[in-house]
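The letters A, B, C and D name the chains in turn, as written, and every chain counts its residues from 1.
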Amino acid sequence: MAEIRTLRDAVAELIHDGDTVAMEGFTHLIPFAAAHEVIRQGITDLTLVRMTPDVVYDQLIGAGLVKKLVFSWGGNPGVGSLHRFRDAVENGWPRPLELDEHSHAGMANRYVAGASGLPFAVLRGYRGSDLATRTDTVSTVTCPFTGEELAAVRALNPDVTVIHAQQADREGNVQLWGLTGVQKEAALAAKRVLVTVEEIVDVLEPRPRGIVLPGWVVTAVAHVPGGAHPSYAAGYSVRDNDAYAAWDPVSRDRDAFLAWLKDNVHDGSEPR
Amino acid sequence: MAEIRTLRDAVAELIHDGDTVAMEGFTHLIPFAAAHEVIRQGITDLTLVRMTPDVVYDQLIGAGLVKKLVFSWGGNPGVGSLHRFRDAVENGWPRPLELDEHSHAGMANRYVAGASGLPFAVLRGYRGSDLATRTDTVSTVTCPFTGEELAAVRALNPDVTVIHAQQADREGNVQLWGLTGVQKEAALAAKRVLVTVEEIVDVLEPRPRGIVLPGWVVTAVAHVPGGAHPSYAAGYSVRDNDAYAAWDPVSRDRDAFLAWLKDNVHDGSEPR
Amino acid sequence: MTTDATAPAGASGAPAGWTSDELMTVNAARALSGARTCFVGIGLPSTAANLARHTANPELVLIYESGTIGSKPTRLPLSIGDGELADTADAVVSVPEIFNYWLQAGRIDVGFLGAAQVDRFANINTTVVDRGPDRPEGRLPGAGGAPEIAANCGRVLMVLRHSTRNFVRKLDFTTTVGHGAGPGDRERLGLRGAGPTAVITDLGILRPDPETAELVLTDLHPGVTAEQVRAATGWDLRVAADPVTTAPPSEAELATLRALKTAGRSAA
Amino acid sequence: MTTDATAPAGASGAPAGWTSDELMTVNAARALSGARTCFVGIGLPSTAANLARHTANPELVLIYESGTIGSKPTRLPLSIGDGELADTADAVVSVPEIFNYWLQAGRIDVGFLGAAQVDRFANINTTVVDRGPDRPEGRLPGAGGAPEIAANCGRVLMVLRHSTRNFVRKLDFTTTVGHGAGPGDRERLGLRGAGPTAVITDLGILRPDPETAELVLTDLHPGVTAEQVRAATGWDLRVAADPVTTAPPSEAELATLRALKTAGRSAA
């Protein structure tokens, strides 16, 4: 069964320099607080995996902790570009950023293969796209029954997957509901799983549109109310759109970003 | 959106001689009433697909309507053998029965491939088993990244899938809950979908552990309370274990079976 | 130039004015008339698809890549993860499921996409742009769902603002295939469906020539000339023999669009 | 012969008697001591696994191929679709998910199987039996989940009644691979885990020889002799140098097993 830890201890124990880390949450339930704890602890040389890097990875990239990004769409949803991501890719600031770039369908299936214990997944995808020319994790397989050629994508098996959920019980069983994205697959594909939760409850009541991760596939749970802010946590908080909009000017400017990082993450008063 | 029809009309319209038909429901929510309507209408030369043929396919096979069975486990759960199935396979009565036999994992993945619009699925399976020697729907593929050889199974795309669910609304949106087995995959893999339901409601309230099939992927809904009897319908009825036990002596004897068929299906008073 | 252009105050019951963005969105919504299901990209496509559900096509089933099927938002979703998309949906499924069981299986009528760069065969680049020999590649957001949306829907609609920056002679990178290098290319690549059937912009509508698959200007928005559109296009754009003029936005269309946008904003 | 055999009334607090089936089930349950997760076949394995959860291993996570994870039934499930399996589970998932994400990914400690025919390398036949030259093949139920359960769990336990009909020199059909043709075969075939580590019967327990992978009689149930077991085995069964005698069922084990069975029956 999963152990219930402080965020600080859980991050220190589960995430190490050089790890491949997936922090998932498709717009909803993005584990911002855990990412900020990674920044505070200065865990570096990370390969970050995420379908939609979002503001959360912009912050990690800007902090200089990321050597490689595996992703399929990198923008600030509803606002514009991720400027720290662009600055790293275009100008190598604060360090060069290697990319492994896919489509959403490809990334989703890479997690599915990882969760399924398979080395690859098959999909109708990438046909005619230049994406395959820039990665070695897309190839083809031929159907042994029809002769049709299909895309193959290599399985993703992160060292650690971090997600945010609404609830856990005291045995570390976790329930999330609403848009649950690719979180189950990302968690089951990983060697270690850290879940931050809004609430720890005595009994997890099954919810409509809920998924449950049993405690024995979760390594650690940390109680971090608001741990998905500024993204949504259905049933607990709505999206802080102002924060997403406010990110744009901050991220456009290196100094503004560094000041933001100091004030809001290093010296901030977030739950740890 | 799905049309709401009588069972008689829906079966007549959707299921034809020679069709490949999947009636799914993993012990729970088995569409018995629809199968009996197929028997009454004498729809024949069917290829039947189902992971666990159960008593429901024993009846269709005994009625002489089935030329081929695609399956992975054919028993009377908790009771013993399916004697009509055995009589057809071993003695060709009332007609020979061709088999395409798989493991559960293989069958489940064949439906997944069918639902996904892929010609095949990949799994770690069948290794060292003689199963592959008796079917042309198992083969191998080689991972283009690791060189590992894995099993490939051919997609299943039934002409018709028939399932039983707890509820539909008037637009033909369907919700089932509890053990939902492989029903979503079987339905989405098929060209036509018939759903019998316990109840037609004004509004489908999302249920814990529920899945919804939107009306636009369902061809017809028939209101057939008790349509899963003698299997379970969670929230509506429990399993009639006596009926499963009583099936054993009936199915052991050809004459007893024919008498049962006449009394209970052809002359019976089931909802139609 | 695009968002501020307004039409003159209309006579005969027409609204007092509209922006070119509104013209684009209204026409994009109209293009969804008759569709049963639409896989909706966020941004302009989502605005148009939601407008369609409130005007031209109330029965339209909206499908978002975040896993919602049959969403019926009363305001514009603020992101693809907006709770309202889930709360009002007929079904909510995982992201792998939405791509594999719903999109890839070929059961969606219309894929609705935006784009950064489009070429004459309606191929799309959303990955990188070449900014000249002395500058690094410019980074765009990336593919998202587009390659498989364009590959697996019955047909594809695109909506984007018209400029030589967006409508280019040659893509710097092909993220998503529209009609490839021309007729027969979709079949050769094993892509399902008809591919892009209309590119709706703030100036007019381009559609592929049935013979050559090259985009042709077939519709002009009120007050826009073919020369304006050609000037905003990076290749030598062909113009249909007798381009039609799109109907101006109706009062109902404009009122609905503005109400949707206001509701979306106030919910922020 | 198997189900009616009873032990003499016990002294020193032992229960008054037990059937050979109860001996088998109690020993099968004990074999689950220390396991975290068990993928449970229906029938004898399910009875044993449920008994284990009420005796030797209260924390045991039961996983059924119908899609339930962490079921905690208070009575024996009557079939794999029993509503109680779902109602008491930590999670309920689809059948494809249980096989792909949970079993195939190698996250289950123990696979617990029954069998119709077993050979000396603990390979299993549940497909067809040869009934002689003049008769058609006899039909068995088929593979079910067994091939992949045996291929993907950390180790495999088997429970079945002992007779020359079940323990055969040569399988008529290999449905499920245990140790194949001997040492190294699992690795060669790419099968995960240790394979079958114990075959628990109504007479005793067989375990694979660490060197040869051939099943050896290592444990005898109280009152059973090695010769009885050899006579009930279709090959020349090896017997460990000093086979241990299994502990008789405790009062608690028997009472719990009988209560589970009664509850199961009365719920019918």
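We adopt the following convention: contacts are C-beta pairs under 8 Å (C-beta built on N, C-alpha and C of every residue); 3 or more make two chains touch, one makes a residue touch a chain.
None of the values given here were measured: they were computed from a predicted structure.
Chain pair with the larger contact count among B-C and B-D is B-D, by C-beta pairs in contact. Each chain gets one centre point, the mean of its Cα atoms, and the points for subunit B and subunit C are 41 Å apart.
Mean C-alpha positions place subunit C and subunit D at a centre distance of 59 Å. With centres set at the average Cα position, the gap from subunit B to subunit D is 28 Å.
Chain contacts: subunit A has residues 117-118, 123-124, 148, 184-185, 209, 211 touching two or more partner chains. In subunit D, the residues that touch at least two other chains are 100, 104, 152. Because contacts link the chains in a way that matches no line, ring, star or complete pattern, their graph is best described as other.
The set of touching chain pairs reads A-B, A-C, A-D, B-C, B-D, using the touch definition from the header.
By the touch criterion given at the top, residues 42-43, 65-68, 78-83, 85-86, 92, 94-96, 99-100, 103-104, 127, 136-139, 141-148, 151-152, 173-177, 180, 185, 189-192, 268 of subunit D touch subunit B in their complex. Across the interface of their complex, subunit A is touched by residues 117-124, 137, 139-146, 148, 150, 152, 154, 205-210 of subunit B. In the complex of the two chains, the subunit A residues touching subunit C come out as 26-28, 51-52, 71-75, 77-78, 81-82, 85-86, 89-91, 101-105, 108-109, 111-112, 123-131, 148-149, 178-182, 184-185, 209, 211, 231-232, 234, 238-239, 241-242.
Against subunit C, the residues of subunit B that register as touching in their complex are 115-118, 173, 184-185, 188, 204, 211-214, 216-217.
The residues of subunit C lying in touch with subunit B in their complex are 36-37, 61, 69-70, 90-91, 100-101, 104-107, 152.
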